[in-house]
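Please go over the structures that come below.
Note that chain A is present in both complexes that follow, paired respectively with chain B and with chain C.
Let's turn to the complex of A and B:
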C-alpha cells in the first residue's frame, strides 16, 4: 500500500519536474547511441568473419582446381608455388584462417574484441611473433578503463552518475523542503519511504538500461545465449542497486543535499575512475612489459640468425646441387622444402623464448588487476559484463589456445610429407584440417562471474546495511 | 498494558505520564503529566525552549523520551509507532508540501500514507473546500500557495485521515489575523467532531479563543494549567507574564 502510494507520488513528481525528465531523456539517448555503436561494430565483425570464411573456401577451391589441372597435364601457375609440394600447400598461399565469431552480446559490450585478434591465418609458418602477439601491451590504462562508447561503458561509468543525480537528495531534500516531518507523522517508516522512492528511481534507470540491452540482444541474436543475457541483466541490476544503496547510506547521515552530492560524486570518482586507473598503473609499474621495440628487435635478430644459418645450409646444398639454383629440377624441390621447414622450426623455437617473457609479464599484470578488482564495483561489473557479452579475456584466450592447437594440427598434417619429400594431389583437399571453434559451455561465463558477483553482492550488503541502520536512526524532528 | 480509565470510561486520547526528555545537559522536558480528552483543545503556552515542541515531538515519536511515557488512546508511542500514528494528524508551524504537485495531489498522497485508504479524489476535493481552500486552488500547484493555504491542506489531511487527535506546533505563527481566525474556526469544527487537539503556541489570544484548556510551560515543566472558561484574555496574559518572571 505504502509502496503503491509512494510510487504514484514519485511518478507525479517526475512528471512535474522538467529537469529530471530531460536528464532521463539524455540518458536514454546515450543508451541508444551506445547500442547503435555496438551494433555497428558487431556488423563489422560479422562482415569480416564472413569474408574470412569465404576466403578459406575460395583458397581451397582455387588450390583444388589447380591440382586437378596439374593432374590433367597442366602446369603450376607459378613454378615456385607448386601446390603439389606440401610446404606450398601448407604455406600461406593455401592457409586456413581460424576465426572467432563475435561474442553473443558484442553489441552490448565491445570489450576486448577491438584489442585482441579474432582471426589468425594458420599455415606451417604461423609463429608466436607474427600472429599471437598483437595488441598485447597493457600500457594505457585509460584505454582499458574507458574503452569504446558501448552499453557496458554507459552502464559502468555513466549510469552511476544518473543514479546519483536522482538519489543524492532522496531524503535530505524531504528534510530541507520540510515534507519529512509531515511524512513521518504518518504510520510509515523512513526505511519504507526511502526504499519505495529508490525502487521507483531504480526501476526507471535499470528499466531503461535493461530495455535497451534486451533490444540490442534481440537485434543481434543475443538470445541464442539466454544465460549470458540473464547474467548481463543481473549484473546491471546489482550494480545499479549498489549505487542507489550508496546514495541511501549517504542520505542516512542526515547531512545537507550539497554535502551528499559532493561525497557521492567523490565516491564515483574514486570507485569508477581513480581506483581502476591506479590498479592498471600499478600493474604496469610492478610488472612492466618488455619494450615492444626491444621485443621486435630481439625477434628479428633471432629470425635473422636462423635465416642466415638457413642461407648457409642452402648455399652448401646448392653447391652440391647446382642444378637447383636454376630451379628446374622439380623432383629435388621436396628436399629444399624439408630444409626450409627445418629452418622455420628453428626460428619458431627461438621466438618462443623471446615472447615467453612478454607473456609471463602480461599474465602477472592481469593477475594483479584481477586480485585488486574487488576494490572497485566498477571493475567487478565491467569484468562480468564483458565476460557475459563474450568479449572478455577468457573467450579470446580460449580461441587463441584453440588456434594454436590448430596450428599444430596443421603442421602435423603437412610436415611428415615435407620431410618424406612427398607430393600431394587434389584428393588431399577434402582431408585438410579445418578449424572448428569449440565455444564455451553455457555455464562457463556464469561460473567465472560467480566470485565477482558475490563480491559485488557483499559490497551491496555492506552498503545496504549501513543505509538501513542509518535510516533507522532518522526521525521526523531531524 | 494497563490502559488508564478516564472519566468517560476510555483512555484519554493524548496522555503524558512523567514524560521527560534530556538533550545532553539540557532538560528539555521534565516530568510532564497531561491528559487530553476527545473534544478538548489543549494549548501549551510558553517561551522558546519551554518544551512545547519537545512535547509534540515525543507524541509524534520523533524523539524517544528519557523517562515517562507518551500515550495515544492508551497506546505507548514508543512501542506502538504505527498504531498511534494512524490515529493522529500533525500540523507543523510551516506545512511544507510538494511544491510541484497540486493541493489535491498532496492531500491524496498524505492521506494514502495515513493508512486508511483514500476516500477518492472527489471527496478529497470536497474536504479541501471544507478546510477553507478556494475550489479553483484545489488543482493548482502548491508552489503558488500562501502559508494559510498550506495550513488548510494540513487541516484537510487530518479531516481526510479521520484523525482522533491533532498535534499543532505554532500553527498560526506568521498568519495574518483573518487567516488565523479562519484557522481557529477549523479547529473548532474539529473539536466538535470529538477530535482531541494539542496545540503549542505563543499566541495568547488564539489560545484563549481556540483552547478549552491552557497550560503554561517553562524550563521544560508545566507550571500551571487552567480552563479557558475560567479566565479572560487579560487574566491569561497576566498569569502568563507572572510565570515568566524568575
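Let's turn to the complex of A and C:
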C-alpha cells in the first residue's frame, strides 16, 4: 500500500521537475538516434555481404560457362589463363570469398565491425602475408579513432550520468527539505523508501534502454538469436542497477546533495573515463603486444630463404606429402607445375610458422591484458555488450580461424590435380569447396560472459550491501 | 586590489584539499602519459628505422635477376613516428604502419595497431593529448564553477562589491588566480615535454620545437576558453550547483557526444565506398580503363616504337619493347590509382572538415584537430607520407622498366641486373611537412578555436557586468 503511495508520489514529483523531464526526453532521443545509426550501419554491412556472395556465384558461373564452351571446342578467353588448369581454376580469378554475416545485434553495438575484416578471398595462393593481414572496411581513420554513436556507447557512457542525475539526492533531498522525519513517521523503513524510489527510477531508465534495444533487435532480425538478446538485456539491467546501488550507497553516507553529486560524478569519471584509459596504458607497459613490424621482416626473410633453395623443394615436399606423390611419380620428369607448387607450399608453411609464433605471443599478452577489465564495470559491460551483439573480438577470431581452415580445404581440392598435371572440366564446378560459416553456438557468448557478469554482479552485491547497511543506520532525526 | 584577489583566489585553491587531490591526479596522469608516450614512440621509431634498414638490405642483396622480377619483389616501407607523436598519437593506431611497394599496383597501408589490440582498448588510450583535452577542462570547471556563484550564495559577493572593487577587476582577479593555480600543474608538464624533446627526440619531424610551441599556445587558448566559459556560467547561474550542472553538461557534450555525432554526420554527408566496391572499381578500371584513361595496347606500342626508330622488326630495336610497354602500363595504372585513391582521400578530407566545422558547438574538435596536426598524427599527414611512398614506388618502377628497356634487347628474357642497379636506386627519403603547410591546412580549426576564445571572454565580460549580487 505504502509502496503504491510512494511510487505515485514519485511519478508526480518527477513530472513536476522540468530539468528531469528534459533529461529523460534527451536520453530517449539519444537512444533512438544511436539505434538509427546502428541500423544504418547494419544495412551497409548486409549489402556488402550480399554483394560479396553474389560475386562468388558470378565467378563460379562465368568459369563454368567458359569450361563448357571449351569442352564444346571453344578457346579459352585468355591464352594465359586456361580455366582447365588447376592453377587457374583454383587461383584468384575463380576464388571463393569466405564471408562473415553481420553479428545478430550489430544494430545495437557496432563494436569491432568497422575495424576488423569480415571477408577473405580464398584461392590456392591465399596465405598469411598476402591475405590475412588486411584492413577491414574502408573507413576514415579519424572516424575509427573516435568510435560510433551506438547503443552500447549510450549505455556504457551516458546512461550512468542519467542514473546519477536521477538519484544523487534521493535521500539527501528529503532530509534537506525536512520531509524525511515526516515520511519515516509512517510504517516504512528507510531501506524500503529508498528501494521504492530507486526501483521506480530504475524501471524508467532501464525500461527505456531495453525498449529501444528490443525495437532494434526486432527491426534487424536479432530475435533469431534470443540468447544474445537476453544476454544484452541482462547486462544493461545489471549495469544500470550497479549505478543506482552506488547512488544509494553514497546517499546512505548522510552528506549533502552537493557532496553526493560531486562524489558520484567523480566515481563516474574514474570508473568510465580514467580507469579504462589507465588500464590501457598499464597493459601497454606491462604486456606489450609483439611487434608486427618485426613480423613483416621475419616473413620476408622466410620467403627469401625458400626462394633461394627452390630446387630441393619438390623432393622434400613429396617426402612430407606421400599421399600427393602418385601423380608426380607416374612421370619420369617432375613437372613444372609440381615444382612451382612445392615452392609456394614451402613459403606458406614458413609464413605460418612465423605468423603462428606472433599470434601465440599476442594471444598470451591479450589474455593478461583482459584480466584488468575486472577493475572497471564500464569495461566489463562494454565487453559483454559487444560480445552479445556478435561484434566482439571473439566472433571475428572464430571467423578468421574458420577462413584459414577453408583455405586448407581449398588447397586440398586443387593440389592433387596440380601435382598430377591434370586438367579439370566443368564437372568439378558443383564440387568446388564452399565456405559455410559455423556460427557460434547459442551458449558460447553466454559462457564467455559468465565470468564478467559474475564479477559485475559481485560489484553490485558489494555496493548494494554497503547501501543496505548504510541505509539501515539512517534515522528520521538525522 | 586585483593583486589581492588573485592572491586570495590562488591561495584558496592551493589550500583546498579537493583541488590538491584533483590536480595531483591530473598531473600524475599527464606525466605518466607523457613518459609512456615518449618511451613507446621511441621504441616504435627505432623498430621501424631498423625494419626500414633491413628492407633496404633485402632490396640490395636480392641477387641477380631481371629488373622486372625485382620490381615484383618490391620493397617494404615503414611509416616513421614523428617527434611530437608522443604527445598525441592521433589516428596512428588506426592507420597502417607499413606498405609493400610492388610492380603494377598501389597497395594499402597494413598493420593497424588497433587491429591487434582488444575492443576494450578502443575506449581510449591515455595519451597526454587525452588528458589535456578532457581532464584539464574538467579541472578548470571544478575550480571555477563556484568563483562567482559561490560568493553570491555565501553572500560575500555583496560585501566584496561594497568595498569598491569593480566587477571587472573581480573577474580578472578570479581568472588570474585560477590560472596561477593551473600553471602549477601545466608548467612542469610543459617543461617535461620540452625536456623529452631535448633529451631524445622520438623521431624525425620538421621543426619539432616550433610545432611544440604552437601546440602549447593552442592548448592555452583552449584552456582560456574553458576558463572564460566557466566564469561566464558562474556569473550567470543562480547557485553554484546550477553552474556545475550546466558546465558538466557542456563538458559531456564537448568531450563525449559531439565527437561521435561528428563521425555520423561526416559519414552521412560524405559517404565513402565500401572496401568491396572500392576494390572492384579499381579492378574493373584496371582491366578496361575508364573515360579517357585507356590501357596501353601492346601491338600499338610496338608499332610506335618501330616507327620511332625507323626499323622493320623488333629484333632491330635498340630498346626492349617489353620494358617500354611495362612502363606504359605502369603509367596507365598510376592514373587509375590516382583517380580512385585521390577520390577516397578527398572524401576523408571532407569528412575531416565536418569534424572541424562542428567545433562551433564543441571546441574539443578544433583543439583535437590542431593537436594531431601539430603532432604529425592526423589523416592529412598520413596521406602526405602515403603519397611520398607511392611517388617512390613509381620512381623505382620507372628505374626498373627503364633499365630493362635500355639494357636488354627485345625478346631477351634472360637479361639480369645486379647489385649495382639495386644500389643505384635511392632509398625513400621522406621529409615531414613544414609547420606552415600544417597550419595552412588547419585554418578553419584555428579560426574556430580563436572564435571560442574571444566569444567566451566577451560572454564572461558581459555576464560579469550584469551579475546579480544576491
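We take it that the second predicted complex is superposed on the first by the 401 of 478 C-alpha atoms of A that agree within 3 Å, B and C clash if a C-alpha of one lies under 4 Å from a C-alpha of the other, contacts with A are read in each partner's own complex, and residues count from 1 in each chain.
As a working rule, a contact is a pair of C-beta atoms (placed from the backbone, for glycine too) under 8 Å apart; a residue touches a chain by one contact, two chains touch by 3 or more.
Not measured: the values here are computed from a predicted model.
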item	value
First (chain B), second (chain C), both or neither touched by A:5	first
Comparison of chain B and chain C by chain A residues contacted	C
Chain B versus chain C as contact partner of A:157, first or second or both or neither	second
First, second, both or neither for A:475, with chain B first and chain C second	first
Chain B versus chain C as contact partner of A:188, first or second or both or neither	first
Contacts of A:13 with chain B and chain C, given as first, second, both or neither	first
Which of chain B and chain C A:48 touches, first, second, both or neither	second
Partner chain in contact with A:177 - chain B first, chain C second, else both or neither	first
Complex interface listing, chain C residues touching chain A	25, 29, 32-33, 36, 40, 44, 47-48, 51, 54-55, 58, 62, 76, 78, 90-91, 93-98, 108-126, 130, 134-135, 138, 240-241, 244, 248, 252, 256-257, 259-264, 266-267, 272-278, 280, 344, 347-348, 351-352, 355, 378-379, 382
Chain A contact footprint on chain B (complex, rising order)	57, 60-63, 81-83, 85-86, 88-90, 92, 94-101, 105, 109-110, 112-115, 117, 141, 154, 157, 167
Residues of chain A that touch chain B when the two form their complex	1-2, 5-6, 8-9, 12-13, 16-17, 177-179, 181-188, 475-477
Chain A to chain C touching residues, read off their complex	30, 37, 44, 47-48, 51-52, 55, 111-112, 115-116, 119, 133-149, 153, 157-158, 161, 257-258, 261, 265, 269, 273-274, 276-281, 283-285, 289, 291-294, 296-297, 300-301, 304, 362, 366, 369-370, 373, 378-379, 382-383, 386, 392-393
